[in-house]
Amino acid sequence: MQPLANVTQLKPAARAGAIEVKNVGQVFKTRSQDVVALEDVSLEVKPGRFVVLVGPSGCGKSTLLMMMAGLRQQTAGTITISGAPILQPDPDRVGVVFQEASLFPWLTAEDNVEFPLALRGVPKAERRAKAQDALKLVGLDGFGRRHPHELSGGMKQRVSIARGLVQDPPVLLMDEPFAALDEQTRMTMGDELLRIWAATGKTVVFVTHSLTEAVYLADEVIVMSARPGRIVDHLQVQLPRPRTYEMLSGDAFGSLRDRIWRHIRKSA
Amino acid sequence: MQPLANVTQLKPAARAGAIEVKNVGQVFKTRSQDVVALEDVSLEVKPGRFVVLVGPSGCGKSTLLMMMAGLRQQTAGTITISGAPILQPDPDRVGVVFQEASLFPWLTAEDNVEFPLALRGVPKAERRAKAQDALKLVGLDGFGRRHPHELSGGMKQRVSIARGLVQDPPVLLMDEPFAALDEQTRMTMGDELLRIWAATGKTVVFVTHSLTEAVYLADEVIVMSARPGRIVDHLQVQLPRPRTYEMLSGDAFGSLRDRIWRHIRKSA
Amino acid sequence: MQGSLAINLARIAIILAVLALWEALSRTGIVNPRLLPSASDTFATLGDLLQRAAVQKDLMVTATEVLTAFALAVPFGALIGFLVAENRYFADVAKPLLFFAFSIPKSIFLPMFILVFGVGFAQKVGFGFFSTIFIVIMSTTTAVESVKVEHLTVARSYGATRMQTAFRVYLPSMLPVLLEALRISMIFNLTGVILAEMYASRDGIGHQIATWGENFQMKQLLAGVVMVAAIAMTFNELVRWVETRCSHWRT
Amino acid sequence: ADTIRVGLPTKTYWPTTIAETAVRQKLFEKEGIQAELTIYRSGAETFEGMAAGAADIILDPPSLVSAGRKKGVMSRIVANAAMGNFGWQLMVPTKSTLEVKDLNGKKVAITAAGSGSDLLALWTIQDKKIDFTRVPVGGGGLVPNLLAGNVEAAVVYSPLSFQISKSGEAKSILDYSTAVPPNLTAGWIVLDKLAETKPQLVQKAVNALYGAVAFMRANRDVTVKLIAELYEMPPEIAALEYDNTIMKLETSGDMGAANVNAAVQLSLDLAKLGGLKDIVPAEDVISTKFKPVPTKP
Amino acid sequence: MSARIRISAKTLRYLIVICLIALWELLPRTGLIAELFLPSLSSTLIAGWTDAGEYGHALAVTLYEVVVSMAFACGGGILLGAIVGSLPRPRILIMPMVSSLYAVPLVILYPVFTVWLGIGSESKIAFASIYGFLPTMLATAAGIQTIDPQLLLAARSMGATLSQRLVRVIIPAAIPTVLSGLRVGGALVIVGVVVSEMLISSAGIGYLISRYRTILDSPHVFAGVLLVLFLAIGFNAVIRWIERKAAIWQTGTRAGQANDDAAVGALQPAT
């Protein structure tokens, strides 16, 4: 385990949206043995970048996201967001879309989306309007009054994405948000996300298993290895924006995808 | 709504694993209005076939599977499995892998996998052995003693698949089983599934959003349209078996994939 | 594990603090020591009382009655509660009636128990049972209702029988609520038996306690209360032990 | 041997001493019967116990017999046990200077509305021509409330009354054993049915009980020790209880005696004060069939 | 399909109630039970009617005590139960102590309590509040533990404060358990008030019950009991009303699914 001694100094001047992860480790204590989920992970994300995190199942992607969100404390190292260490959840700095939809079953889709706004005391009319917009964005116009159990798996996930979007934080962490979606919806939503990102200048950290999606969306792709999770590659995707579907068949795209693929194949 | 009059005659001689869906419809009553999820769906699956079901999010794939499993009653039409109508769950005829992992949180991974066997009174030693095999198959060797909350999203899904496999029924219904897996694991598991399928002669109905995966795995692909769900295409995949990754770049593969893609794009 | 040590220490500290406060209140005369004998006096009396063969016998009698009533009420009540929750028809018929029965002070019915059982073991157990069963039924019903549908669906898809669903899905998911109910039931049960003993009895600790109370023997009364509380706490700890063994999957 | 089930209203009450003495001196055995003692919470509960068939012979005031007859429970007093409220006192804290007449408009604790202490309080109001509020505080609440000053006075039963006057916490301002004219405060009661079907058993039981009374009168030390043990009290207080209560109990128990009818009537009249409406004639609550022949130890 | 059954369930329930009422009248009349133990319904009603004023006053006193205690017991119990249940440390530390505290037979100590609280309404309210508070709190805290931790995680990520998590996540998610806590706690409050009035007091229904009982006036005793029954009926009606209001919150659990008609059949396990 890393000692906590090498804590970085606060950088008060750092811009909103910057993420700095330094020598972070996470050890889970289970009854039988200790599980080292992440070991010595360091990465730096400049504000406004779209970063995609890929890696084999169980390598610690969700765990890393949870730590960035302040929902779990790392057992070693430090995480700084917008220049200040993140010690507890702070919706003004970071928003999360979870891997499992985790909607509140007693609220309708629209109330679920409004939830984070309600917490902040946004007036009813304003948050209703925002929720409607977000639901329209994810293609769930007209489903606002349904309860989660009346929605399909993909619809629940989309409500969850909408809930993440209305929060509008400078850093958005998304854990496999499109996993339950069909390819068409997935593309539409990917483009939509890129549009919002470009317009708002958010920093996005996005976990996915689709390498095509990874390259299509990312400024940078971070590749993690299997247990214990470490960073094995950090690629810059130099493809021009806006991205188009034609690029998918280009050479640059193919070679990036291949490079990631080799890493994953090696470590899975 | 269809009257129940046109019930098909029982065909006692039908072979195990045959599925027949006739004019099936499903209407959900919600507080505000009635939702027609499925309308007049008919399909026939010969024993031992590998059928993949694709369609836009919310088109009724999960609902159709639930009805085939006897977990939900259709509001119109009939469903026959192995020659007899399915009116309630019957694990001797049909096994299900659910879209959401739905593991029992109070059981360890291995106890979760053993669960269906324990219900049938399989002796402890035997079911332990089978569960170990199934866990090994899904790459979770050594994770047997963990509880679901100690597993990653993809791991939970794999436990759920293992639980479906140990049951060994003639018909296996799988609802997006690989959605949370990375591409490498997904491929390995797909090949594993095909191997088991070929060896046991099961009928498999498999829901996925990955069109590549659909064509790679299937004997037949059934394409559904968005609400109300109907069958818009039923393709035979004539690619030879065993399937290889080289086929993915072949023309036959590409044109099948394109054909499905056009349907999905139209209806989503 | 070091966490549980800290918690145990904290718990002991709280108990000691309460005892110290009790002792201080009484010693300094802030509270009339005749009305609230000091903790040390009470525990000294407790020691004396426990030496007595008669008190030991009373404790044994009460403990037997309490355990018998409990052993009868819990399975029986859980079964009814389960039926009520499982069967809509039965629920519609019985739920309001059961709930209604629960809100009536049970001590009104003590004479009826004497009428049916006479005075003795059966009557105490009967009343203990009667005081407990309704809360068991109600808690079971609620516990059943909080079970997750997905888990039931999974079990159904594997063809689980009614019994299997009950023991393999309902029971584990209901466990936290059920154990809490068990605790509360035990307390009701204990109070029920003691009330019955106070009402009419040849032996039992409740009968003793009533006498001490009516004769303003505060030391004995408090010591008796401590005894009863100790029985209940022992049981509590037992339930807690089961709880920690069964619920480690919750975090 | 036949068993007689004796129902007693409270543990620390003289009937318990009588019955216990009879058991320990083997008086029931000498009569060829066995006894089983059950202690109830109060007079009314004891009566219900008998009505429910859980007790054969009980000790209670005539008023309950009267009320019971109106409610379909047919019983009678077969032996006269006491002709006064021995040891019952109206008490105030030691520091208090209040007299009985000063209690006008004050609060006086009783155990329960309609109980023996309530009757005595009502009698006080009527007899002393004053008015005070009767506050039911339960047996366990009498002394605590008196000491805490929630009430100005309390009607206290024996031996509690001796105990707190001995300890110097309270003093008596009215002794009901002398103040109230003699009336039949308590007698041994059996159901009519039992008296008819097993008169022998009833006769033997009263023989043993009055044998015990005789024994107690003759053996002061043994009895004081017994009281101290039963009541869990120091011997001094047990001695007070012996002198002021046990020694004043009826020794013959004969319901045929000349003064009995009037004494029962007076007792019922007092009960009327407490709100008793179900009054039957005095002769209906008593039975003269059994005249105790004290068993010799 | 369930409509017919539902009606007949209701009918059956009424039939049972009518049978009980008939038995109440007939058993004492035929002499099968002595009037001392169970006076006939008619004589009970007559007793109650002749002293209607007295009973009316008693009911007012009791009702006041019940309502106030209910606010303390249920309100406080749910709130504290939710807080304690959602914080693991205090839960482990406090809960065993609280349930042990409840194990102290309060009824026995009640006479001593009156020394400090007086014998008026205050002591009844205090007693009934404590009596109903602990089960409500314990039940709520237990219910909290069945909540999906993922939901709490989500709320935390959105910056929900402790009180927001309590009101917006924990309580709604624990609604079925909270409701049962309310039921149990409320019923106990009624019992607590009546019992404490029976023990020590000079007003209220419990006082009347124990007073008439001391002089074996069973019709008047049961007239009081009848009033307690009415209190219970009234309380039951309130709870059912709340339950109906809350039904929408219970989606996703067994209780909520009862509303989904297609799923009703699905709730019966296969045989």
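By letter and in written order, the chains are A, B, C, D and E; residue numbering begins at 1 in each of them.
One rule holds in what follows: a contact is a pair of C-beta atoms (placed from the backbone, for glycine too) under 8 Å apart; a residue touches a chain by one contact, two chains touch by 3 or more.
Note that the structure is a prediction, hence the values are computed from the model and not measured.
> Just to be sure I understand the contacts, which chains border both chain C and chain A?
B, E
> Starting at chain A, how many touching-chain steps does it take at least to reach chain B?
The distance in steps between these two chains is 1.
> Quick check: more C-beta contact pairs at C-E or at A-E?
C-E
> Using CA atom averages as chain centres, what separation in Å is found between chain B and chain C?
Using C-alpha averages as centres, the distance is 49 Å.
> At what distance in angstrom does the C-alpha mean of chain D lie from that of chain B?
83
> Would you mind pulling out the distance in Å between where the CA atoms of chain C average out and where those of chain D do?
About 36 Å separates the centre of chain C from that of chain D.
> Specify, in ascending order, the residues of chain D that touch 2 or more different other chains.
Residues 48, 52, 139-140, 144, 147-148 of chain D touch two or more partner chains.
> Could you check chain B for residues that touch two or more other chains and list them?
28, 70-71, 89-90, 100, 149
> Could you check chain E for residues that touch two or more other chains and list them?
37, 108, 111-112, 115, 149, 250, 252-253, 263, 266, 270, in rising order.
> Could you pull out which chain A residues touch chain E in their complex?
Chain A reaches chain E through residues 69, 71, 89-92, 94-96, 98, 100, 102, 104-106, 115-116, 118-120, 147-149, 167.
> Taking the touch rule as given, give the residues of chain D at its contact with chain E in the complex, in rising order.
42-44, 47-48, 51-52, 63-64, 67-68, 71-73, 112-115, 118, 133-141, 144-145, 147-148, 150, 271, 274-278
> For a test of understanding, state which residues of chain C touch chain E in their complex under the given definition.
4, 7, 10-11, 14-15, 35, 85, 88-89, 92-94, 96-97, 99-100, 102-108, 111-112, 115, 135, 138-139, 141-142, 144-149, 152-153, 155-156, 159-162, 164-165, 173, 176-177, 179-181, 183-184, 186-187, 190-191, 194-195, 198, 209-210, 213, 218, 221, 224-225, 228-229, 231-233, 235-237, 240, 247, 250-251
> Under the stated contact criterion, what part of chain E meets chain A in this complex?
Per the stated touch rule, the residues are 148, 150-151, 153-161, 164, 168-169, 172-173, 175, 248-253, 256.
> In the complex formed with chain B, which residues of chain C make contact?
Listed in rising order, the residues of chain C that touch chain B are 150-151, 153-161, 164, 168-169, 172-173, 175, 246-247, 249-251.
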